[in-house]
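The next part holds the structures, each set out as structure tokens.
In what comes next, subunit A is part of two complexes: it sits with subunit B in the first one and with subunit C in the second one.
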Partner chain A sequence: MQSSQYLNQLHTADKLSEEPWPEDATLYQPFEAEQILLPENASCLAVKAYLKMCNLPFGVRSCANAEHMSPGGRMTKLPFIRAGAFIFAEFEPIVNFVEQKDMAIGSWQDEDEKADMRTYVSLVENIFTMAELYVSFKNERVYKEVTAPRNGAVYPWPLNLMQNYSKRRNALRQLKVYQWHDLDIEHVIEKVAKCCETLEYKLKESPDTPFFFGDQPCELDAIAFGHLFSILTTRLPNMALAQTVQKFGHLVTFCRFIDEKYFQMRCLQD
Partner chain B sequence: MQLGSKLLVYKGEWGLPSIDFECMRALCLLRFTRCPMDIETNANPLRSGAGKLPYLQIGNDKFIGYKEIKRVLDLKGYPVDAHLNTKQKHLSTTYSNWVFTQLHAYYHYFLYGDPHNYDTTTRGLYAKRTPFPFNFYYPSTYQREACDVVQVLGGFDINDKLEKHDGDYLVVNAKKCVNLLSRKLGRKVWFFGDTYSELDAIVYSYLAIIFKITLPNNPLQNHIKGCQNLVNFINRITKDIFRNECYSSTKLTKGSSYTDSTLTPSERKFVETELNTKIVAGVGAVLAMGAFAAWRGLYTQLTRSSADYDGVDYEDDELEEVLD
Partner chain C sequence: MPKSPAGGPMPKDPNSKYDLGKISARVDRVNVSGLLRTHNDYVQRAAEGLFKADNFQSMMLEAMAAKSYLHELGIFKDVSVHIDISRGADATPQGYEVTLKGNEYTRIMGSAGTEIGQNEGSLRTELTIPNILGRGESISLQGSYSSSRANDVQLKFWKPFFHTRFRENRPEVSFSVFRQTDRFNISSFQTTNLGYLIDFSAHTMLGVDLTHSLQYENSIRDLGLLNKSVPFAIRDHSGPKLASLLRYSLVFDNRDNNVFPTRGIMLKSVNEYCGLGGNVAYTSSMAHGEMNVPLFAGLVAQFCGRVGVMKETKKTTVLPINNLFYCGGPLTLRGFEYGCAGPVVEGTPIGAQTFWCTGAHLWTPLPFAGVFKGLASHFRMHFFYNMGNSNAFTTDNMRSAYGLGLAIKLAERARIELNYCIPLSRQATDKASNGFQLGIGYEFV
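Up next is the complex of A and B:
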């Protein structure tokens, strides 16, 4: 699983930088309309935003069993990308892969800035993914009305119950490892609000530019956009997360700007 | 802070104030902020209510776990990040979170997950700090927790065969993390210059344990040794801040250990044990010898001989009486 990912990265680092970006690079994800869940949607959007920022061409393929095809990962295991002979899952390995090809954005940053940026990325990924998992699987109403029917949508009757059961068990275990399992929804909101505060503070540090670090996009822009945009635009029976993010005007403006520049989905209301 | 409130943690080892990451974190919060509270290092983990240390006892209320303790300290006016400016506060949060993702899996895998390490060292450490019948069962709860941590953060199952354990991935991540921390610390006293932060507490807790623990397989230990500023950081905090809590089971007999090179290993082990154990062993030895003597019939011989003697004496008396 991850050893193969890591060894792939290590042994082919030299070869990779010479080879061009493959034309047929494909991003695999679950069906967007019927199946995908909030945390997965966020991570897929983050990767797409990153690849678009790097100006790399890629195709998107929706498969019902994308999660089970993925080589593994720490959070949602999705999306994964197939580029030539290589398969990488989740945001960070994909970013590392692109960086080895010298096509990455953010090569203008010095090392200290890069370290800071990496920590921001990890904060955003952890806090938002955990909050999204919490809302999707711990909130009874959201789980019954949205998560369970959507996750089971692609499977026939007895199998969907089993899939839901194992998915929920995994999600709860993840929450436990990150020490989120015994939190109330208020504490979750508090954590998300704190994370948003950190992001907004970072955004305000360079008020003249729309991006987090300087006047060019970087990984943090991609991942923050992926999560914030998904939270803001996904309709759930419990909109506590979206309401929390909405309180941070600068972040909403930031999402609208990135959407306008790279996606033109325009589903974010004013 | 209310009088009589105290923090209960595991006793330390190798000169550290505690053997457990969560306990170390809580201790750091308390000592960094100079919160006037007692520390009880000889705690019973089964009294906490959750079966785990650390916990904070204020009156009859118990606050279990690092998160709760931090919340209580924040409310009572001892927030750990109070002296940082806004930017540093945010950076402290992001770096703490990042260190967690890089080192948490390493810590859990090499302390509880690696079977050899666990059997030779970690199980004993926790078992010694738990009262008698529970010490057989209690350390394995930590191992079960580590199983989840490694599965989620490391991507493999520690109950699998040893060849399938993907420790390399964890080690590489941890080494990268240590390199970056070493560079960020530079020649500063704390990570953010002159004031402590939550980041210092977390880095110290992880690295001090990984650095000082005596595990058969611990690849990060040598790596930390190579980063002199981190070693100084660990030693300075241990010496300056935890002067009273530090504990090492071998320190007491350091003076005598020079002279006893002639002793056999088992004798040397006995010399290093505590006084209580020695007394118990002594009493046990006397009882065993006594039992052996009884079995060989020594007492019956003794009593018989004295009875004979008494008898003779008695007869003598009787004779004398008769003579009288």
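Up next is the complex of A and C:
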């Protein structure tokens, strides 16, 4: 039954690949002001940036149980998008879905370049998501002062405590799977710094364009912006991550440029 | 020994040589033996009626009543009664001595078996520690597993107060912690409830015997989705919520049998008010009634009805879908698939805020029932006509079906029905099942 369902989904996916992007596509995410956590915020921002770069219209709906409504995913399960009869969660499945529709950015890239870019995307997604999870759940102060109150904000007592407990347990389990659980903060910073260095190096390869690959945006621009911008603009009791990213001037400039071009949030300090 | 229910006067046996009612008797002493863990005051009231007896017959009856009372206290495996003339210095001439000999339960009792629920069978295991503190307090751990719908684990502590002066009211208090999983396959979601329940139940005998139960439940209700393509109307409800509710239920039952009654009425109502804290708010009421009228030649006419209403309160933001009513299926509207006689979103049945359904039955014994006597008492045939509707209290667009079937009694509590159903009126979105339908349960319409 399950497999026939997947087959069915695959079949309809094929059928609908020629259909245009639905007008009422909606992105579901937690409440930005009081609920969303750093890793979730980063992935939501990345997806939004990607859709804006593709120039696809979408609405945003904030709901308290967005994570539970999500069909599931590899990391944060968020955001998820509802486009017509389809629901996809997280950055990569959404990107794959958009790419079926021939409206995706990056269609100008050749196979080699694409494979190259994919490597960067998965590097950025893994390193930054894990670092964000690490800071949010492993750092006692950040967890107590920010993560726990925000995650529990939408639940009444004592449900909030139980939700915090299970959320933290899941996050720690995830860190363990990626073998980040026994690192200390210096190692984490080191990994992030290395990742930033790689990104900055890539950015410098084409110094006269603002994007990573050539003069047009691609997936990497979206996901790098999502994570970097979230890290830079989220106030935490421990700003180690932000300070690390801050050291890479080109990346900060890149974030400011993308923000200016697609979002105009302008909350990135000089 | 006379086995008439407690208190009733024995019919006079004309063949009897002696009229036991005329033989005077006085109970001098009542002994209750076999009390190892139980406190004396817990069984004291067993003797109360015995001392009032003034003739031999009423003494016998009171002794039987005392025996069944001791059984109800839930501390003895079995009880035997010994009556002897009283001896000793302070014995009166017509004095008797009654000894109630009990055999207490062991410290731990375990059981495993199958149980019949509403349209499902389940495997059930239970571990009980009876009479922990000596006054009937018990703890039990129950687990039940069923393949189709619900699983649950429950740790329950209960204490009866049958030994107090309210023994006639049979008050009982219980506290349980439970975790229960319910699967709503047709609507593609499941709920996991984790919480505790405080229950107070009692009987009142103001004219009619009513069973009351007042419960407070505090639970976390986590709604999960069963597959990836769940309609958004259902998806919107996913995630955990905290419910805090009061539930009051009332039962009146004077039928002569639970499964195949021939006369009597059963009325039951369950009312819930949810919203004492937590983030789920609604009120819900459900009433079920059954009336049996004996006709001629063993034929019984039975009329059943059930109605449910769920409403918003001032605090309601959304009504929880897991508390909506499902109509249809072999227990409610025969001739429809389970839950499929109600509203539908994107092809998926979803519960209704209100529903009603009624059923008229004509029960007959099997033909040639006289030949098989004992066995035949487990079987009945019936002709039925069901009608009902969801989200409307009118007979416009109502659903109805008729048919006939065979019912089998299971353990004095449940019955299995095999019916041939012919749906008469239905709506386009309903899933009717024209043909044979099997139903297992204990509360049918």
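Convention: the second predicted complex is superposed on the first by the 257 of 270 C-alpha atoms of A that agree within 3 Å, B and C clash if a C-alpha of one lies under 4 Å from a C-alpha of the other, contacts with A are read in each partner's own complex, and residues count from 1 in each chain.
Assume contacts are C-beta pairs under 8 Å (C-beta built on N, C-alpha and C of every residue); 3 or more make two chains touch, one makes a residue touch a chain.
Because the structure is a prediction, the values reported are computed rather than measured.
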Clash or fit: how do subunit B and subunit C relate after the overlay on subunit A?
fit
Once chain A of both complexes is superposed, is A:H68 in touch with subunit B (first), subunit C (second), both, or neither?
second
Counting only touches as set out at the top, which of subunit B and subunit C does A:P22 meet: first, second, both, neither?
neither
Please indicate which partner A:M162 is in contact with in the superposed arrangement: first for subunit B, second for subunit C, both, or neither.
second
Identify the partner contact of A:P210: answer first if only subunit B is touched, second if only subunit C is, both if each is, neither if none is.
neither
How many degrees apart are subunit B and subunit C as seen from subunit A, counting from C-alpha centres and rounding to the nearest 10?
80
Residue contacts with subunit A in the superposition, subunit B compared against subunit C
B
When the two structures are overlaid on chain A, which partner does A:I87 contact: first (subunit B), second (subunit C), both, or neither?
second
Of all C-alpha distances between subunit B and subunit C after superposition, which is the least, in Å?
11
Subunit B and subunit C contact sites that coincide on subunit A, given as residue numbers
2
Within the complex, which stretch of subunit A touches subunit C?
2, 5, 9, 63-65, 67-69, 71, 82, 85, 87, 155-156, 158-159, 162-163
Under the definition above, what is the set of subunit C residues touching subunit A in their complex?
220, 223-225, 227-229, 232, 235-236, 238-242, 277-279
Given the complex, residues on subunit A that touch subunit B span 1-3, 6, 72-74, 111-112, 115-116, 118-120, 122-123, 126-127, 173-174, 176-179, 194, 197-198, 201-202, 205
Residues of subunit B touching subunit A in their complex?
67, 86-87, 90-91, 93-95, 97-98, 101, 148-149, 151-156, 166, 168-169, 172, 180, 183-184
